[in-house]
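Pasting the structures in now, so scroll down.
Each of the two complexes below includes chain A, the first together with chain B, the second together with chain C.
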Partner chain A sequence: MTGLEISAIHARFGRHEVLRGVDLAVAPGETLVLFGPSGAGKTVLLRAIAGLEPGALGQVVIDGQDVSARGPEARNIGMAFQNFALYPHMSARDNIASPLVARGLPADEIATRVVEIAQLLRIGHVLSHPPRALSNGQKQRTALARALVGRPRVLLLDDPLRNVDAKLRYEMRLELPRLLRESQAATLYVTQDYREAMALGDRVAVLRAGRIEQCDASETVYDWPATAAVARLFGDPPVNLLACRPVADPAGLRAEAAGFRLVLDASAEAAGKACLLGLRPETLSLAAAGPDAARLEVIATTPLHERLVVLLRAGDGTEIVASLLGAAPAPGAHVHVAADAAAALLFDAASGARIPARRVMAGIAA
Partner chain B sequence: MALHKLLRAAALTLVLLFFLFPIFWIVVMSFQTNEEILRLPPSLVFRPTLANYTALISGHLQTASGILDITFLHNLWNSILLSTCSVLLALVLGVPAAYAFARFRFRLGEDIAFTMLSFRFAPPLLVLLPLSLYFQDLGLNDTYIGLIWIYQLICLPLILWIVRGYFEDASPDIEYAYRIDGHSWWRAFTRIAIPLAGPGIAAAGLLSFIFAWNNFVFALILASADKQPVTVGALAFVTASGIQYGQIAAAIVLSILPTLALALYAQRWLVEGLSLGAVKG
Partner chain C sequence: MSLVLDHVSKVYGRGAIAVRAVQDMSLAMEAGEIVALLGSSGCGKTSTLRMIAGFESVTEGAITLAGRRIDALEPAGRGVAMAFEGYALYPPLTVAENIGFGLARRKGRGEVDRRVRAIAELLDIGDLLERRPSRLSGGQQQRASLARALAREADLYLLDEPMGQLEPQLRAILRGRVKALIKERHLTAVLVTHDQTEANAMADRIAVMEGGVLQQFASPDALRDHPENLFVATFIGEPPMNVLTVERCGDGVALGGAAAVAFAGLALPPGQRVVLGIRPHRLRLGEGALAGTIVSNQWLGDQAHVVIAFADQLLVAVSHHKVAVRVEEKIAFGFAPEDAHFFDAATGAALRHGGLGR
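Coming up: the complex of A and B.
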């Protein structure tokens, strides 16, 4: 197959195993977001693919060719580093030209292609500047231009928007998908920001503790996370995970936690087992008092976009975060909150794995 | 405000006077005859003479007990040759070694680096006797090669440890990026790592040049007259008919000049902070 294919990538630093067998395949023109908490091994994985991690084991195949034994200069890769890694003693122009110079292209072709990519990234006017004279946004675009200019088969982007300001990050989120599609490279994009993952990724691979925990379309990762850990990582504000012990019900399983009462159409195997009920903050809404709504005390509120993030506390002390529409309830007040049972998630507390729940029924009075 | 400035100027003058007075006095002495120098009380009023310099350059010293041959210019040439060659050799050996110590962790790495450093604080006299015996056996006694080799004890540790720090300060990502661009390891080393450590290499080279230049005891023991540098050559001014203070002063002035010129030239390298602004701090 064309594109990038890696299998059984292992890496360890001393006794610490950073990567424990990672397999991934990325098609040309596809963007796979590598998502995970810090320390999960995302950067190490990128470096292993680039050939910068001499201790890494496993196979890296680019465009059908096994490049595992080749040095980084012979893999036809473009990479953008989190810290930009521009050459401080060269102008932006020479920085961008570097991959073309390495390929030994004629000077006039190099000049044309550098100007071309610089105009695409809107840094044409600063090409003669040294990196220290560039703003963070311009540095980041220069680094991107350098990664793209050689038309590599594989593009590795290590959290390139991390060190730029919020406005630019927003702009780049809109621009990058088109750029990446046009490059026709197999792109691996590292980020810790789930919104960025949603915006850029055709697919999202969640890396945790050195393993790929889930690799799916971004909506699938959000709606149906494979494990409680993925659910907690992927979403902001994070999912509420409430301990519960579901009981068998004619319609599936009945789960009760923190005053919520939901009937889930889930595998009856989980009945009686310790489970975690996952409720996304945005699936909670204010409701009239009723047996299926939890009565919660408002602790604090903070606005987020058009929504309002509210910290609530149940009678048993459990804290719950809800993302609500409408007017802010006053702190100290008690409100009734209902959960959308169709979007509720159920996880096995011991293994963390999600208990399959294809169809969920609305909460009904017990 | 004015008082503040005045005090500042006064303090500066004091400091400068303190540090520069010996140099000033030596320059003055180099234009005086021995009689004027030894006059009590000393005076700044005298008829300047170039006799000291002419004696050094012509190689003939007129003393009370006759004409004495001196080889000062040859000593100066020896100093330049020995210091330059040993610094160049130490750079060729030390810069790649410093890079290896900065970038790679290997078995006994720290021990080797520290052993190199220990050459700097071991007293030279400790190794001189065995060294001179070995040198006699090896036929290296009284050769330029032998002296340059021994001068590595001075230059190499300095260069290794100073340059290593500069390599460590530069983000390895910059070199990685260059290699991913398609450049070989060697090109990444010569085009990225060395230019980024440039100020450090210049500083270390200059410093080790000065240390090599000022070395006395190695050359005194391991070389005979025609291979000796100025530091040892200056002993010739202690003659049977007295110490030739005027010539010593002139010799000092002449022997400071090369290091001074080098320091002035290297200054622009030392102040240039190349790695600023390249990597997000």
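Coming up: the complex of A and C.
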């Protein structure tokens, strides 16, 4: 198989097991985002793939060839980092050319390829500048150009947009997918920003405590997270997780928490068990009073990107965050809030695993 | 009026190497208001904060707080409570002792304990009260420092990036709790941040700074709908405002050569180059006189970002719902005249917002 395949990657620092058996496969032209909280082992995994982590165990296969025993320079990998890591004494041009110079390519070919990639990344006009004369955005583009210029089979990008401002980050988010697709490299892209993960990843692998907890299309990870922990990592504001003990219902399970009452299409095996009801803030809405709507007090509203994030409090003190469209309810007011049952998630409280859906035949429910 | 900055400037160095970090800044805050100083690094917001706190002298101008001129006073005499980086917690004291530090003298022991516990629980550090600062994570230290400032009684609360290191899972709830507390106690707070989501979430009004100059001081809604210049227009808003350089054509403007959009009564001199801005949330997909090609369609869980190639440029449209278009497809799109913003291409000054003159 072509592309990148890694299996059973382990790494430990002293007694601390950083990676505990990681398997992944990335096809040429595909971008797999490696997402996880800080300390999850993302950077260590990239370094292990690049051959920069001597203590790491496991197999790295690139285009069908096992490169596990090769040094970093013999793996045909391009890398870019969040701190840019440009050579300060060299011009942007020489920085970009450095992987080709190291390979001993003829000077005229190097010159052509550097100009080509620089134009693609729109830094052709600053090639003679040293890094200190470049803006952060230009530094990042220079670092990306250096990673891409050698036409690597595998591209490892470690949070490359972390240190650029919001405007530029959006620009790069728009440009990168096309650029990466056209490079035909198998790309592993690390980020801590779930929106960036969803925007750039053909698929997203969620790394937590040294293991891949879920690897799926980004929409699947968001809509159907494998665990409560994954659910909490995706979404801003994050999912509300409410303790509940669901009971059997003809249509699935009935769960009640903080004044919400929902009938969920979920496996009846969870009936009577301690569970967490996951309600995403954007699936809550203001509603008329009714037996299924929760009556909540408005504590504060904090606007976010054309939405209103509202902190609400139930009679039992439980805090709920809703993300609403439209007019802001006033702090101190009591409102009725309904949850979209079709988007509600249910997790086993002990294991954290999501309780799967149970498809109910139409007509069975009364 | 609570805090008033009256023509305040800060100059570092002198003569040929003088740097004007803050230039002729004036703003007035109401008591009970939350104001954010927003800008990227080097914009002058931190120098402004340090002048208000008293860590930096004022080169020109005056600062008054609750009717008292404070710019010549020692920091401790200004009636300002602070939470910021480099204004560290006292290492030998526990978190509880740090938070209660300024309170101990005047209040009874029981009252101090009660207040310390209440503010610590609000900031989710109630179980860390007996720890020393060195045993806290960066985010926990930040919350302890914020708790110490909010526990005090002061005329003004200066909060520098108070929630920058907070894990995202806590941010929404803590922002809400802190905002509710500030409003309930009718505190006056200045929040300094580079993060516009924080400024928008917390502030009643935002002072946008760039290059040492106050660009605009207005409510979040006014910054979105009536930005005074192109810098503010493109700095505020995520994703940023779409901008196109256009020329007058008949009673409208020409977009990308082919398409012309009519604007009744658009009073532009013929041939003047202006910048047209449209917010991503205001682009309408599937209807309108313009046509482009879909470059990407990204669903981010609660919103879709659709990128359209149009007139050698990329435009971003945001929808709150999934959009059924595929990459490479042609799409019709448009916008309502009232959602258009016009700026002078040379100076960046706003010429007009929406269908009618402002």
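Annotations
Everything below uses one rule, namely that the second predicted complex is superposed on the first by the 357 of 366 C-alpha atoms of A that agree within 3 Å, B and C clash if a C-alpha of one lies under 4 Å from a C-alpha of the other, contacts with A are read in each partner's own complex, and residues count from 1 in each chain.
As a working rule, a residue touches a chain if its C-beta (ideal position, glycine included) is under 8 Å from a C-beta of that chain, and two chains touch if they have at least 3 such contacts.
Keep in mind that this is a model prediction, so the values were computed, not measured.
Superposition of the two structures on chain A shows chain C fitting alongside chain B with no clash. Of the two partner chains, chain B is the only one that A:Leu86 touches; chain C does not reach it.
Looking at the shared chain after the overlay, A:Thr112 reaches neither chain B nor chain C. Within the superposed three-chain model, A:Ala50 lies in touch with chain B and out of touch with chain C [touch as defined at top]. Looking at the shared chain after the overlay, A:Ser351 reaches neither chain B nor chain C.
The superposition-derived angle at chain A (between chain B and chain C) is 80°, Cα centres, a multiple of 10. After overlaying the two complexes on the shared chain, residue contacts for A:Leu311 are found with chain C alone; chain B is out of touch.
Applying the stated contact rule after C-alpha superposition, one finds that A:Gly150 touches chain B and leaves chain C untouched. Once chain A of one complex is fitted onto chain A of the other, the partner contacts of A:Pro99 are limited to chain B, with no touch recorded for chain C.
In the superposed model, C is the one of chain B and chain C that contacts more residues of chain A. No C-alpha atom of chain B lies closer than 12 Å to one of chain C in the superposed arrangement.
Against chain A, in their complex, chain B makes its touches with residues 171, 173-174, 176-185, 192, 195-196, 274-280. Chain C makes touch with chain A in their complex at residues 40, 167-169, 171-173, 175-177, 179-180, 183, 196-197, 200-202, 220, 234-235, 238-240, 281, 295-296, 298-303, 305, 307, 314, 316, 318, 320.
By the touch criterion given at the top, residues 37, 165-167, 170, 174-175, 177-178, 194-195, 198-199, 218-219, 222-223, 232-238, 280-282, 299-307, 309-311, 319, 321, 323, 325, 331 of chain A touch chain C in their complex. Here chain A touches chain B in the complex through residues 47, 50, 52, 71-75, 77-79, 81-89, 98-99, 101-103, 130-133, 136, 139, 146, 150, 163, going by the rule given at the top.
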